[in-house]
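In what follows, chain A forms one complex with chain B and a second complex with chain C.
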Partner chain A sequence: MRSASKAPDGTTGTSGTTFDRVLLGGKVLLLLAGLALVLAFPGLAPDAFILSVGVTIASYAALAVGWNFVGGFTGYISLGHAAYSGLGGYATALLIIDGGLNPWLALGVGALGVAVVAVPIGVASLRVRGASFVIVSIAMVLILLLVSQSWADVTGGSSGLRVPRPFSDDVLRPEQHERFFYLHVALVAVALLVWWAIDRSRFGIGLKAIREDEDKAQSLGVPTFKYKLVVFVISAFFTALAGGMYALWFGYLDPIFQFSILIGSYMVLMSLLGGIRSLFGPVVGAVIVGYSLEYFKNQYGDSQFHLVALGLMLGLVVLFMPDGVLPAIGQLVNRFRPTATSIREESAADLLARTTKTEPRQAEEVSR
Partner chain B sequence: MSGSLLLQSLILGILLGGLYALLAAGLTLYFGVMRVVMIAHSAFLILAAYLAWYFNRETGIDPLLSLLVTVPLFFVAGVAMQRLLLSRLRPATLTMMSVLLTFAIALTIEGLLGYVFTGTQRRIQLDYSGSSFEVAGANIAVVKLIAFGLAALSLLGLYLLMKKTRFGQALRATIQHPEAARLLGISTDRIAGYGFGIGLATAAVGGTALALDSTIYPSLHWHWIGPLMAIIVIGGLGSIPGAAIAAMLLGVTQSLLQVPMGTTWAQTVFYIALFATLMVRPQGFFGGRLAQRF
Partner chain C sequence: MSTRSLETEGLTKSFGGVHAVNGASVAFQDGKINALIGPNGSGKTTFFNCVTGMIRADSGRVSYRGDDVTGAAPHRIAAAGIGRSFQLCRVFPRMTVLDNMLVGVRPQGLLHRLRGGHNAGDIARARQLLGRVGIDHLERSEARDISYGQQKLLELAGVLMTDPETIMLDEPAGGVNPALIGRLGTLVRELNAEGRTFIIVEHNMEMVMSLSHHVVVFDRGAPIAEGDPATVQNDPRVLEAYLGV
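Entry: the complex of A and B
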């Protein structure tokens, strides 16, 4: 990995220069502007359709951020995260319909239930790496699709399941969209906060070590399997919350759309396009991909052409931009960094003095 | 379950297993030469089935003759895919990214099939479509037997190619140890390209065999990729005999379970076997050194 030698946030230790302060200010401004735009969106949307597109994109963002707990930290690419969003949706719906729970309580309990279910799945699938892991993740979705279609008594089978609305009927549709938009945004914010906290923790460093080289991480004493399992369960939990929230908003579940490999591939595409190593990568990716998906579906209607568009987009990202948009922008900005020259600031003599001074001390520590 | 019904399921299972074995062999070949998991394999399978159906509809000639066109075409497509697309990926993340790239190709093929031929279900009508014969009380359809014959012949051809020719020797050397093969003067890049082409050619044969006796539609490939992927993991990634044995066993099991459980639940046998394998032996049952890390 090229970026492995750098610190995770891309800074190379030259903090304190004017350039860095300007950069930080720019980032904060950009973040605030983005936040303001997101919060003002329901007021700016001209009609209910645009508003519903906004909710869909927010839902994609929640799914992608949930996916990025596993994908971003450990580098295990799961194409089957639709399993957890679908389970979250069905768990929420069934807890409301059959369990008589309050919708919001059902959402939380359902997601916790999915997290519990994710433990044995994680134990089985995290035993293998790379390609086998992807195969297992796809298999998970296909199994759940088979089960949910065949087990019609519980899931409603192919005819689908109607989810009761959490808000009373006198709340009109645009109002519903607006409330769910803010709920989805809040979910994304919480998930991002957790991601950020893990990113800065010892746990996060261990996970990133697994991503860069799992065998080396293990030999350095990182409890790789435990770490992978914990982050896998966290990821399943947030993905299930996003799936449940979507079910409450959309009000209807169909196995073909819930347990679809397409949904899982959307999550991968969004995160990769935005950049799986960056905090906001999945969100940026969700906005780009979500908007394009809605555009393609609107333009080409019922024809299968949106699949071609999705396929081409994914192919181009994998071939030409596997690190994502945000890191690419970061590299572009770094070009303008005034200190980024090939000439070292310190002289060779300084360097020699520093290394000879520290080395004996290190040797001492090792011998002790 | 009566005796003749059991025999019938067993024979149908073997016939189905043959097709699975051929397709899984193709998947194993890709993995062997390039450590690539080719999700688009079954999409090409359905593409070949559509081409056979289209050929039959337009010309009225037996769809088996479409093989003369599709096999070379798919071979060239496979070589091109390896040389132009997959070899561009970074070696460090090749396995993961190749999954995504071939997944993207699968989506594109599915979308184009739906766009060109619409989502309508298609089926080839032949004058021998309905004919069948009886063996000890079991009813065997002629088309299924032809499909199995095609698969068995191709597998035999693949075996002879791998074991008896100089090219096969070079291919096996590339699979076993690419660096050593390069030192011996084998052009591993070119061999890998040809290996990919042969893998895709198996999809052309399999697709034509599939088109003979089943109804096809663009999203059918998802029903194939799951079982095939399960087969190669259970057999051990990279082992062709392992894939063939796992394919036979699972094909027969699926067919036997179809009678008491119905077709949908019988399909879960692949996934149950997959998870059982992961718990007991994550590298698969016949996989050697290669399968350990993937």
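Entry: the complex of A and C
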């Protein structure tokens, strides 16, 4: 029976057991159910406020997935990713206002511009690791906060910047929310698709090796700096798209909120909470954190107590699910795997197969 | 004379006032099993790290097969054909054994890098090497879940995945049981017979003396003796260095 859990020799597939097939089926069903729920959400939302909460959560999800390109793959924790969402927002707004660009074109061009700006920032900041990298990332967002507050001619300074709406005025508020909900969901979907494609590529394996042990990865020939820089720029691009999309929806930018460490921390917390090694981790984290934030804000009104409540919740998750929610569930499911063993357990048939040099497949038949 | 292997000239590295490597000029023999021995703190690992680009030497030159590789980044050294293991064994703990192997695949160009990591060709090669070191049954386990000895074998297989001409092992026998030491020794001999050069830092004298063709003895950051195992063993300077007389 043991040998049934091994992939039979001669086939290249890695998942062969019934358990794996059931698991895969379950995942697909769950994914489809989740997708259906997301797509049906605007129809189910009872009022415009709930709908706007949905857009906020979708926006958080887009930010967190953007963050997770660098955080999840390389393990570099950037607390200053609000720099890129903020720059994306301002770039989009200014390209519309001063450049006269079509809003959607402005969004794309703005994000590309942010990606270009991220190259020198990455070259400078990715030279340091661990806590030093975190500090450098925070410095970046603080610099941008000061610049955007002082450079009032361009950014509107502390009084903020009004962003022209991409849809005409006869599109009513709930309708606006609905459209932006779907736009954010589409952005999340595209970002997830790119994340998935990287995850399964050789590039992705190199990146994950960097996360685990950067020196070791480099000694095996992975050009670590180049890899980190590329994924950092991709991350900045998607974060900027999320920031720009938010600007188009919200219609107003204030430096204090755009370049805040709090927004950057949310991205980190959502991703960690959901699980940075999982494709859907940041999305799950965004839903939990986003919903809780809105719920606590609603409960505790204008006070800062919603931050305390959120902190408590995150403390609990870190204590009991240090790898995040999705990996914790994955481990739970794995307990039911029929033969989860890392030690070679040799059945008589295995032994027979080795000593008599018969085909392993024959041995399997013997063991059945 | 055979082609030249790894050579250093006046390699020096200091940490504060400590001269970890102090003007070391060493030439290793191509196609042979070379051993680098010496008392604790004699600079063997620092020498390794300077050669493989993990740390930058203060001065001196490193050349490999006649090419100057002084100060080259570790991935360039790897691309030049030198693979290495680490003291105390380093694997990627939260990656599966199979994915650990796939890190060593060397893609050429953008399209190669974007190709699926789990393609049949790469996997077949990884499985073959895992089979060779005897841990192919563990390919789906995470590397942190397998035993220390198995991790050592995985590290060696991972290095082989890069298909290096020269393999530098930092204390391969450290912390492993005698049976596994024997297995490692056999593997090293087989790989050497296929034409791969070895440079091994090791404290297990039995292994060093039985395995190596050429022994270099380090003391205080520089070589004090070299030659075949029998000669080195009887060299008074070596005895002095070890006994600290």
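One rule holds for everything that comes next: the second predicted complex is superposed on the first by the 318 of 368 C-alpha atoms of A that agree within 3 Å, B and C clash if a C-alpha of one lies under 4 Å from a C-alpha of the other, contacts with A are read in each partner's own complex, and residues count from 1 in each chain.
The rule we apply is simple: a contact is a pair of C-beta atoms (placed from the backbone, for glycine too) under 8 Å apart; a residue touches a chain by one contact, two chains touch by 3 or more.
This structure is a prediction, so every number in the text was calculated from the model and none was measured.
When the two complexes are overlaid on their common chain A, residue A:200 makes contact with chain C while staying clear of chain B.
Of the two partner chains placed by the overlay, only chain C lies in contact with A:221; chain B stays clear of it.
Of the two partners chain B and chain C, more residues of chain A are touched by B.
When both complexes are overlaid on chain A, the residue A:94 reaches neither chain B nor chain C. Shared-chain residue A:208: touches chain C; no touch with chain B. Contacts of A:270 after superposition: neither chain B nor chain C is touched.
Listing the residues of chain A that touch chain B in their complex gives 1, 75, 77, 79, 124-125, 127-132, 134-136, 138-139, 142-143, 146-147, 149-150, 261-262, 265, 268, 272, 303-315, 318-319, 322. Those residues of chain C that touch chain A in the shared complex are 52, 54, 73-75, 77-79, 83-84, 86, 90-95, 98-99, 102-107, 112-118, 120, 122-124, 137-141, 145-146, 158-159, 161-162. Chain A makes touch with chain C in their complex at residues 6, 12, 14, 197, 200-206, 208-209, 212-213, 215-225, 277, 342, 344. Considering their complex, residues 31, 35, 37, 39, 85, 88-90, 92-93, 95-97, 99-101, 103-115, 119, 218, 222, 225-226, 229-230, 233, 237, 262, 264-265, 267-268, 270-271, 274-275, 278-279, 282, 293-294 of chain B touch chain A.
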